[in-house]
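Both complexes below contain chain A, partnered by chain B and then by chain C.
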Partner chain A sequence: MHHNGVEDEEKWLAAGITGLQQNAFYMHRALDSSNLKDALKYSAQMLSELRTSRLSPQKYYELYMRAFDELRKLEIFFKEETKRGCSIVELYELVQHAGNILPRLYLLCTVGSVYIKSKEAPAKDILKDLVEMCRGIQHPLRGLFLRSYLSQVSRDKLPDLGSEYEGDAETVSDAVEFVLQNFTEMNKLWVRMQHQGPAREKEKREKERSELRDLVGKNLHVLSQIEGVDLDMYRETVLTRVLEQVVNCKDEIAQCYLMDCIIQVFPDEYHLQTLETLLGAFPQLQPSVDIKTVLSRLMDRLSNYAASSAEVLPEFFQVEAFAKLSNAIGKVIEAQDDMPVIGVVTLYSSLLTFTLQVHPDRLDFVDQILGACVTKLSGKGKLEDSKSRKQVVALLSAPLQKYNDIDIALKLSNYPHVMEYLDNGTKKEMASVIIQSIMKNKTLISNSEKVEALFELIKGLIKDLEGNLQSELDEEDFHEEQNSVARLIQMLHNDDPEEMLKIICTVKKHILAGGPKRLPFTVPPLIFNALKLIRRLQNRDENVAEEDTAATPKKIFQILNQIIEALSSVPVPEVAMRLYLQCAEAADDSDLEPVAYEFFTQAYLLYEEEISDSKAQVTAIHLIIGTLQRMHVFGVENRDTLTHKATGYSAKLLKKPDQCRAVYACSHLFWVDDQDSIKDGERVLLCLKRALRIANAAQQMANATRGSGGSVALFIEILNKYLYFFEKGVTQITVASVQSLIELITNEMQGENATPDPTADAFFASTLRFIQFQKDKGGAVGEKYEAIKV
Partner chain B sequence: MVLVLALGDLHIPHRAPDLPAKFKSMLVPGKIQHIICTGNLCIKEVHDYLKTICPDLHITRGEYDEETRYPETKTLTIGQFKLGICHGHQVIPWGDLDSLAMLQRQLDVDILVTGHTHQFTAYKHEAGVVINPGSATGAYSSITYDVNPSFVLMDIDGLRVVVYVYELIDGEVKVDKIDFKKTTASANSAH
Partner chain C sequence: MNYILGAFKPACHISITFSDGKSRKQVPLKKENGQTAMVPLFQSQENISGKISIEPVSGKKVEHNGIKVELLGQIEMYFDRNNFYDFTSLVRELDVPGEIYERKTYPFEFSTVEMPYETYNGVNVRLRYILKVTISRGYAGSIVEYQDFVVRNYGPPPSINNSIKMEVGIEDCLHIEFEYNKSKYDLKDVIIGKIYFLLVRIKIKNMDLEIRRRESTGSGANTHVETETLAKFELMDGAPVRGESIPIRLFLSPYELTPTYRNINNKFSVKYYLNLVLVDEEDRRYFKQQEITMFRLGETS
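And now, the complex of A and B:
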């Protein structure tokens, strides 16, 4: 059926165009021969094509445009006729003899245009006559186009301020009156279309109405272009009359379109000054009108206006724009009980953008908006659809972006309440947005209350929320998420140690509830924050510390112990061990021997009981030895115990080369340059000899298992250690021992079973070069090395 | 002229949130030919970021690095120079120049780049140069108090290397430079 309909329309349009063109042809002939009578006859016939009821708006428009072009030529002809002596008044009379009313009125408008130009009568009288005559056409489609024609031809002939048609008797008011009348009549016709035809074709009719809406809206545009329409006239006449029509027509489509039109077409200053009137119309509109979209657009326009220049801001304050908008929104939401959540949030979003632009200093306004949002959201449960969630995220992100300072967002009491309505996934998304904002602005969060508020906001990242299955999240994403929390922890700082300690305790409370998966990420940054605090306390003058301050190194170490202990629940022994060793060093700096010893004990226990991977053990033992080597707080007994254990661990590593290296590293435990009490040459030598034995054993094992000598690298390393201590002046390291080692290596390298090893060769060569270099230095050093033969 | 960026011990996110902004704006992609990193980044994001500055990235393992497969030591040749990289927690006593010299002899390199102490040093001895670029983020260290963020840029040109050290002190970037020359161009040794 539809297919037929379209085909038929095409046919009718074609027929209409043909008819029109034919008559136009004859009309032109008449024009050329100045035959007025024929011109009128054929033009009327031509215009008859526009009497059709068969065309849809799109097609009718095509026909109309052709007629329009032809009428321009006719108008020129009329003008020339009047120059030739034909009376315009008579012409005006003559065209009304046309048979059918539609052609008659088109011709009348055309002549009317010439009449006004001639100035033989006041423009306002002619315009009034025309706009009223057009009432003769009550068919919506035909009437709309006719009046549109009237609007087009009269456009440049209105008695506007400063126009040639202005006079004493006729003014801008008359121009406005004319346009308003045309507008009103056009709207009535437009609305009437809604009720024409059977109910089942409603959708088709609404589509056609939509195609015609700009014809009606054009009138508002014309009004906005009239120079003489100043704020007072707009306020008193234009807006009042337009709104009257909009409200009274009680048509959803017209109301929605026209309200939007008003907002887009007239200047923003006018809207500000008539805000109350404009907003007052909204509750009077049909309930089915999408008010929220229109309202949002109004607020967006006003926001942009406010952003355009600082000079306009006082206007906003003067008209109390915020209060009015806020009330209007409240009323709308109240009236539309079943407004979907997305609508509510969009409205408040627009209001928030507006407020941030116009009243950035009024946090109470911002908080008010968030509060209103919460009130409306309550009772709806968590937001289900993704559009609503996105809108809420946009709502919450706006203050962050505006203020670039998380402190401000933390001051908004309703901020966390809004977040409550997000589902867990979106809560985490929002938390990430917040953290990113902090990182981007490099803001430091400086007291424990703020930290508490902040961690409440981001709790979706800190711990498992109800119903949240951890397995949902991709591992890489989870790492990224937790790493961002770790970075955040670095942004918490206060120079005052008491406050800093409070911050640390607050963070501790939150992260310890985070569960085993999160602890490895969140614990280390907190530990290092605390260590930094301890260092700051050490730097301070001793006398400053008061009796009952909470922030003493000792107390902080206790807290540190508790936090690291939590890692055992994961478990991550390697990380925990490293942290214990860091704390031990810090305790060493604070001269707290028992505390340092306790940390070492914990580290050793982890090594013994939890770290079983060979590679991990090698690194761990080097960390233990390296740390222990630097400790100066231990008394002899404690140091001996720890050293003994360390050497024991070294000798028990799985692979012989690892054993060897760890053991000779232990030699440094017995000789510390800046501590005279730790200079035990005997034990140094013992270590080195033990390392040698292990190297030998390794060599033999290689011979046995692979049939050839293993690498001599270990021997060369040990030789270098001999040289190290030799240079330090350890008497037990004699020239002879160095010499024999050199010979041993030389023999090994030249032996039958030797495997060629360029790396070892290079190492040995550079070692020998070093010895030579030392000899060449002369002086005390040169003397020492003199005896060594290379 | 070959530009080599040497940096390390960033300790992101355990001890520092990010590189200082002033450093970040200096490290523009495409200007540097090689990056040498002593380790302790610690996370993949930092690795990826360094790769955007220069794809030729050489890293050794620090004890806090998330990626456990970085090598303990690495050597590479750039122009006439042999460079060696090692984080340094393996060399005891930590920061001891004589022990580091031993590592240098062992790796047989002209320039040894090492970290762990978070303290910038550039030391010349008979076998070559030992450079510690410090901590690029000024991260906390148990070894060094008052760490300023620092990194090193080496300009290798023939037998000469100019070492520029960039330090962030009280919010300002201060630059210093040190010159080193190799005496012979032989592939095996440097005197």
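And now, the complex of A and C:
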């Protein structure tokens, strides 16, 4: 027969409550008039409502709670009755006359509670009788609630040590025995629920069962509260018996819940001292039990316990907790052949956490765990599901977090092996974790072996991994990743140049394998790190440098050259060119003319062959000019060649204004303040004149194409160059030339075709103001400027 | 019929009092009209003595042909009304024929009366003890007065009292083993026992222990058997599994039981049975009935 579930249930519950309340009303009347006979009659009728089979556990609980409240009143009444002279023994018999068993047993427990309190009989005898009589209820739900009631009324009446109900020498055993028995029976009822009712309602039943689990677990809690249960009793009786029940019940839900319960309710030191027994139960559980979670929670608890105080650590050593846990995990994994990878990894992860907490000094343990993990993972291929991958990341992150030092991880031989089982994405994720750890802790990776190992670990970021052809990766994420690698490269340092060179070479080896996409990110930091080394070498006492040392600037420059060359495969000529120039400047500092020349050559080649975008060319040419201007290592010939080239490039830029600007910038190549050899006023003037010509041409082009004069800005800029060199005392820059330029500009600005240009106006005005200012200064400068008329 | 006579205006009042009436224990006895009266309780071999006083109504004289008191033990079958079988009949003559003018009191005594059977009120049979006072009169019919009393006989506890232990079952369906601690119970006893489930393949809903009384009357072809369930006591709620052991503790005191009567005066027997009933979810009943012997234990005062 099918019932319309919820609605009907509400109706039945309501009916049950009504019936219960009605009888409770008559019961109250009987209580008020001290009518024992009626009190028993109506209370039994009231309790009959609990005989229903129609309610779900939740609804039944509601009904039960109402009955429970009424029974408290009845208990008080019974107590008063005994004070009025009614014999408790008679009362205990009287309630057993009830014909229906469920009301009878509720009443019996209620009177039993009063009986114990009266102390007319030893608590243990009454408790034993109650727990025995409760066997009459074999219906799981009703039985669970009845026994839960028994547990409730008896928990403050156990013959515990120090309790007022304490009995003879065996008193604690009696208390424990009672609770254990009730627990066992309750668990049996609970498990039995699983096997009753139609198979199609399995899910519903499991849900209902889980709603009831705390009723069963409560008993374990009561056990843990018994004062008299010391370690010996826990070991000999409590744990043994509880585990026996757990194992024998062969029920997945019960085993999982109760094992966890045991772990949660009993003290950590007990767990530690009975570890072997407790762990021994795990392989005996049903294969479907989620052992990993339970076992993990045990280890987590023990880890926390270990962390709570250093004083408890010796206990861990004494019982060889690590070996036992490790062994147990091995056995469980062996016993549960089809345990998913996630389970395996979770277990090892928890064990690792435990080890880090308890044996921070035992790296070998850590490595051992990782090794065991590798063994289990081997042959399974890459991890497929994201959960287990996450777990592996957690596993691998734990040592990093604990030691805050990647060095430790690098010492673990199995660490990279575990990583092997990650898919590429997760490998990268793990690599990021590692790099972040290094960043956070500012860990110094100080020798090439470590760098080698580290790069092996993070190779997910360093190079394309096989089978990762489709770069589904977000551009932004990729940049983020590579930037972190770049930061990492910056972090590498060793005070010893030799070692540092080795590090550089190692990094080089790795990043060059990284493919064109990564090089633009990884090459620059390496170059700069190497340049830093070169600078250190320059500052070093010359004597220290021995002949046969590898770490000479020259050698390093060679390496740098190779590295930059690699960029050509990308290609990112702009970046490469900048780096060449950077190196050239460093070579300049090291007084290595040929090297510097070579770098310049490379830069020029790139400019000529690779940099074709005109905007990029403009930027590049200014960089070249700027760098070249600062070089002092070059002899006349080399310098001439380079400046000549630079000037040539400048004049060949596409846009006239760009040409103009580059050409006037070139003027600086011929006049360098602190270099007496470079003071060629003629060529300065030539450059500027050429610039003027170009500016003119630009002006005309603008006229021709747009019908209006272009900006005079270029002229003003050139005027400023004139003034600069004028002030520097370049004799070829005469007052007259300045003067005529000013006039030219003025004319241009007032000419018919002039386009109003406030920016240029302001620029020109401030230039004139500058001249005036210099005049006003007086002295040598003022004198010089005096001749210029504004 | 005798009572109907009482409906006529009686000529005199007859009252029967027992010599230890004040101190003697009184027990309830269900009368024919359904009411319960308190009557004195005796046992076999006791002396039954007292006084009978006769008081004529308002000065009338009562002429009689003699007055006697009888102690009768009767068995009355309901299907055979008005036929009493007196298994005990003792007579004491109280007065020779004469006339009574005023209240007159006669002491009487039946000493060490043999009353082997107990008072019993069954479905089809009644065993009663009465004192019957008869004032014999020639023409107007005799004046008769009755006084019921109850007889209960106590015995010592049986020297042999084995437990009842039995394994029963339906093949491949249900096997149980049950045990009652005794086979003979006194009326205020407690039945202690347990049921052990050896095999359970049916879905049991609950299990009751019943106390049944089997009263058989008559003999041969005329035997009437009447069975009553005096107690229905739930032992178990729900379906047990193999290996469960369910306790039994049934107090007998709340039930109106009598001792077991075997072939009382060749007229009737009353036997008691414990009936263990298992009901499955389809309301099928599986039961096993076991006779127990009830006895009345001498009350310790």
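Following the convention adopted for this analysis, the second predicted complex is superposed on the first by the 620 of 790 C-alpha atoms of A that agree within 3 Å, B and C clash if a C-alpha of one lies under 4 Å from a C-alpha of the other, contacts with A are read in each partner's own complex, and residues count from 1 in each chain.
Everything that follows uses one rule, which is that contacts are C-beta pairs under 8 Å (C-beta built on N, C-alpha and C of every residue); 3 or more make two chains touch, one makes a residue touch a chain.
Nothing here was measured: the structure is a model prediction, and the numbers come from that model.
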Touching partner for A:486 - first (chain B), second (chain C), both, neither: first
Touched partner set for A:193, first chain B, second chain C, both or neither: neither
Touching partner for A:259 - first (chain B), second (chain C), both, neither: neither
First, second, both or neither for A:560, with chain B first and chain C second: neither
Chain B versus chain C as contact partner of A:525, first or second or both or neither: first
Winner by number of chain A residues touched, once chain B and chain C are compared: B
Partner chain(s) touched by A:137 [first = chain B, second = chain C, both, neither]: second
Partner chain A, residues of chain B touching it in the complex: 11-18, 21, 43-45, 63-64, 68, 89-90, 92-94, 98-99, 101-102, 105-106, 108, 126-127, 140, 142-143, 145, 188-189, 191
Sites on chain C touched by chain A in the complex: 204, 206, 231-241, 244-247, 249, 251, 253-254
Chain B partner contacts - residues on chain A that touch it in the complex: 439, 442, 479-480, 483-484, 486-491, 524-525, 528, 531-532, 535, 539, 578, 582, 585-586, 589, 615, 619, 622-623, 625-627, 629-630, 665, 668, 672, 713, 716-717, 720-721, 724, 727, 759, 762-763, 765-767, 769-770, 773
In the complex, chain A residues that touch chain C: 51, 93, 96-97, 99-102, 104, 132-133, 135-140, 142-143, 188, 192, 196
